[in-house]
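Structures for review follow.
Look at the two complexes coming up: chain A is in both, with chain B in one and chain C in the other.
On to the complex of A and B.
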């Protein structure tokens, strides 16, 4: 069977354009965190750019970076995961329906509100007529895309696939999230290690990956296996152990576990269970860098791929005190409110 | 054929019936489900016709036996209703006994409730429980919970081709050994959001839609949900399952032409059909019935017609069933998959209602009456915004 390698990565995040996890400085997350928009003029004509949704632009930028880095010109599939799609345009269109009582509407916002706009716009830009898919399964939307690509590279006659995860912040959606306590409010203490307040520090971003069956000089890591599911059939411990055993690994042979902790006191107990199982293992976190959103776990994969390739473990990722001796196998664990679970297993090449 | 993915159950709710049987009877008796809109208050009431399911949300809650404090949107309720039927039809009693997944598609997700309460949420705290039901994935999680399913759950949204992609992914996961059984399909409720969206694109007909007719004026929106139960050959053998039909081919391509319009020559559609034939290992000449996408918009029917003429030396019997149901968006390919299976089971081509005048660009005449004829393979097309083109091929059991 063929393998699935990460050969290129592109990212737009709340950190400065070109940010690296090995940089000294990071922007600290607030209760709400907007992505730092790069310059799009080299990629998108200004007239187009003005009309384009933020999610589309961030994705085009990140996709382009990933493809360029991997020297990939002809992806045989474009697969995108997004929690809410271009939600800003959904809001715009809904606002217009309500304010103008269903009159004088224009189609642009409606068109962009469709969940598959990002994957479609990338296909249009690349003139790529290949397989094109969009997953919208909440917090494992990105892992759904990764799974699809993984399965196709392993089993089907495909060599190169572009995948990504993207989500936007939109003002009214944010205020609705505030009403139900899903997000942090202004002034809420944000503590990832000992969360005391409910809600997540909401953010946005786009993270894209060029995946291939071919290992190159630029390869970051191999995606060895992944599991996407809505709920545990057995308990957490035995499910994780079985997943590792299937891949000839065990709790002790995981060099770093990357946790999708999101500073939400309500959600912390799940991660605590995982921590207990991996007490001796170096534990990493990343949402204090990316902020939290449905597809933030794609930023987590980027971080994991970077540390495995560089074989260095920046202090700022440390969730516990343990220091890895080597970084060969990384397990990523993510969920949202006890559903949309994912495990992703990466190995050094 | 090895590895053929079996269809062992199906369930449906649409404007032409709340069961598979009701849908079949409506199809063969030419009884369309297109009407005036009754359950949504909209300024456009007199300018549109819709394929509306005449059950209120309260009635759906009762049918599903949901607790009072539930947070199911209409999309989730329609989905749960159809998915449960499919599971019962496949005689599944212990849903998690084998690796079972759910792949559901939707385009509106919880928009029907969001648009109702939007901007009033702060004044009416009792509605706030629906805020987190907006995202599309929530509907699939709700359906999975309703079925008691624990495992792979996924949601696909590729506009009007969504459910075809759900079926395709499910089939592929069984073929490649990731699942033993998967419930695949889609659900979408009518919403003011989509009504106004399609209205701005000027592709809504003000009367009954007329697929493949020269004077077609656009589509009628509809709402529906449908699911198939797919099972591996091994499960079928071990449990001695009754097989309704097989999923034998599928193809997905992107037109890469325009965000909302299909290319003139139907490039994406051709690619999707070609891939489906490659996968199925059959020739176009072996198809006995095409359930076309046929939305009755000027653009789709021209593009699809041209694609059919490019693929088929002689276009087999075909029809669009959207004159019965309206265009049910992310559920369309799922209800049409059910109709494709019914076509195979009953050796029956369903009529393309409201067709009178052939299009001037080509000579393609859909079937306008139910036709009894031997059917071994059915091809079903679904195309969506964003150039998403998908084709499924079903084979007789």
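On to the complex of A and C.
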């Protein structure tokens, strides 16, 4: 059976353009966190850029970085995961329907409001006519994209696949989230280690990965296995142990566990259970760097892949005091609102 | 007429999100499509909606658009003669 390697990564996040987890400074997460927009002029012609939603631009930038790093020019599939798509343009289009009494609707915002516009516009720029798919499965959207690529690389005649996760912040959606208490409000204490307030520090970003069956000098890590599900059929401990055993691993052979903790007091008990199971294991977190959004777990995968390739474990990622003796196997555990669970297992190449 | 042309340029820049282009960059007789501003068929749809929404002009025959949308000059003339909204 073929393997699935991460050979290139590109990211647009709330951190400065070109940010590295090994940088000394990080922008502190607030209640709402907008992505730092890079310069798009070198990549996207102004005539095209003027019609592109923020999510499309961020994705094209991140996808380009990932492909360039992997020296991949011919992806045989483009697969994107997004929780809410280009929600800013969806809002514009819906606003226009109301304001103009269902008349004078123009095509641009409508085109951008469809979730699959991101993967489609990347394909247009690359002139890529291969498999093009978009997963919209809440906080498991990115993991479903990863799973699709993983299966195609392992079992079909595919060698190179581009995948990514993207989400945007939009004002009306944010106000709805605020109303139902899904997000942090201004002045809320944001504590990832001991959350005392409900809601997540909402953010946005795009994280793309060039995956291949071929290992290169630039390979970050191998994606060994992943499990995506909505609810536990068994208890958390048994499920994780069974997943690791399937891959000839155990709790003790995981060198670092990366947790998608999101500073929400309501969701924290789930991660606490995982912490208890992995008491002796170095525990890392990343949403204090990326902020929280449906596809933030793609940023988590980026962080895990960078740890494993660099074989170093930056202080700022430490969720507990344990220090890894070696970094060969990393397990990512994510969820959102006590559903959309995922385990992703990475190994050193 | 000069005020209408300026207003039209501002609206086109805004509606079509013409980044890095100012009112002064668009000459009254510049071609809007092709070699001039480089607008395309989606922009044409946006301009038809703009005429309807802002000036109350419904283009019944799309072929008319070819002449009306030649330049700011031709657009402004058509709007001045046919507008139903002030």
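The rule is simple: the second predicted complex is superposed on the first by the 349 of 349 C-alpha atoms of A that agree within 3 Å, B and C clash if a C-alpha of one lies under 4 Å from a C-alpha of the other, contacts with A are read in each partner's own complex, and residues count from 1 in each chain.
As a working rule, a contact is a pair of C-beta atoms (placed from the backbone, for glycine too) under 8 Å apart; a residue touches a chain by one contact, two chains touch by 3 or more.
On a predicted model such as this, the values are computed, not experimentally measured, just so you know.
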First (chain B), second (chain C), both or neither touched by A:310: neither
Touching partner for A:47 - first (chain B), second (chain C), both, neither: second
Which of chain B and chain C A:151 touches, first, second, both or neither: first
Which superposed partner A:78 touches (first chain B, second chain C, both, neither): first
First (chain B), second (chain C), both or neither touched by A:105: both
Touching partner for A:27 - first (chain B), second (chain C), both, neither: neither
Partner chain in contact with A:115 - chain B first, chain C second, else both or neither: first
Which of chain B and chain C A:97 touches, first, second, both or neither: first
Between chain B and chain C, more extensive residue contact with chain A: B
Chain B and chain C footprints on chain A, overlapping residues: 103, 105-107, 111
Residues of chain A that touch chain C when the two form their complex: 46-47, 49-51, 100, 103-108, 111
Residue ranges of chain B touching chain A (in the complex, touch as defined): 42-44, 96, 102, 106-107, 109, 111, 114-115, 118-119, 121-122, 125, 128-129, 131-132, 134-138, 140-141, 144-145, 149-159, 165, 169, 172-173, 176, 178, 192-193, 196-197, 199-201, 252-260, 267-268, 271, 384-388
Contact set on chain A toward chain B in their complex: 78, 83-85, 90, 93-94, 97-98, 101-103, 105-107, 110-111, 113-117, 119-121, 123-124, 126-139, 141, 144, 148, 151, 154-156, 172, 175-177, 179-180, 182, 228-233, 294, 339-340
Footprint of chain A on chain C - complex, ascending: 15-20, 38, 40, 42, 45-46, 49, 52-53
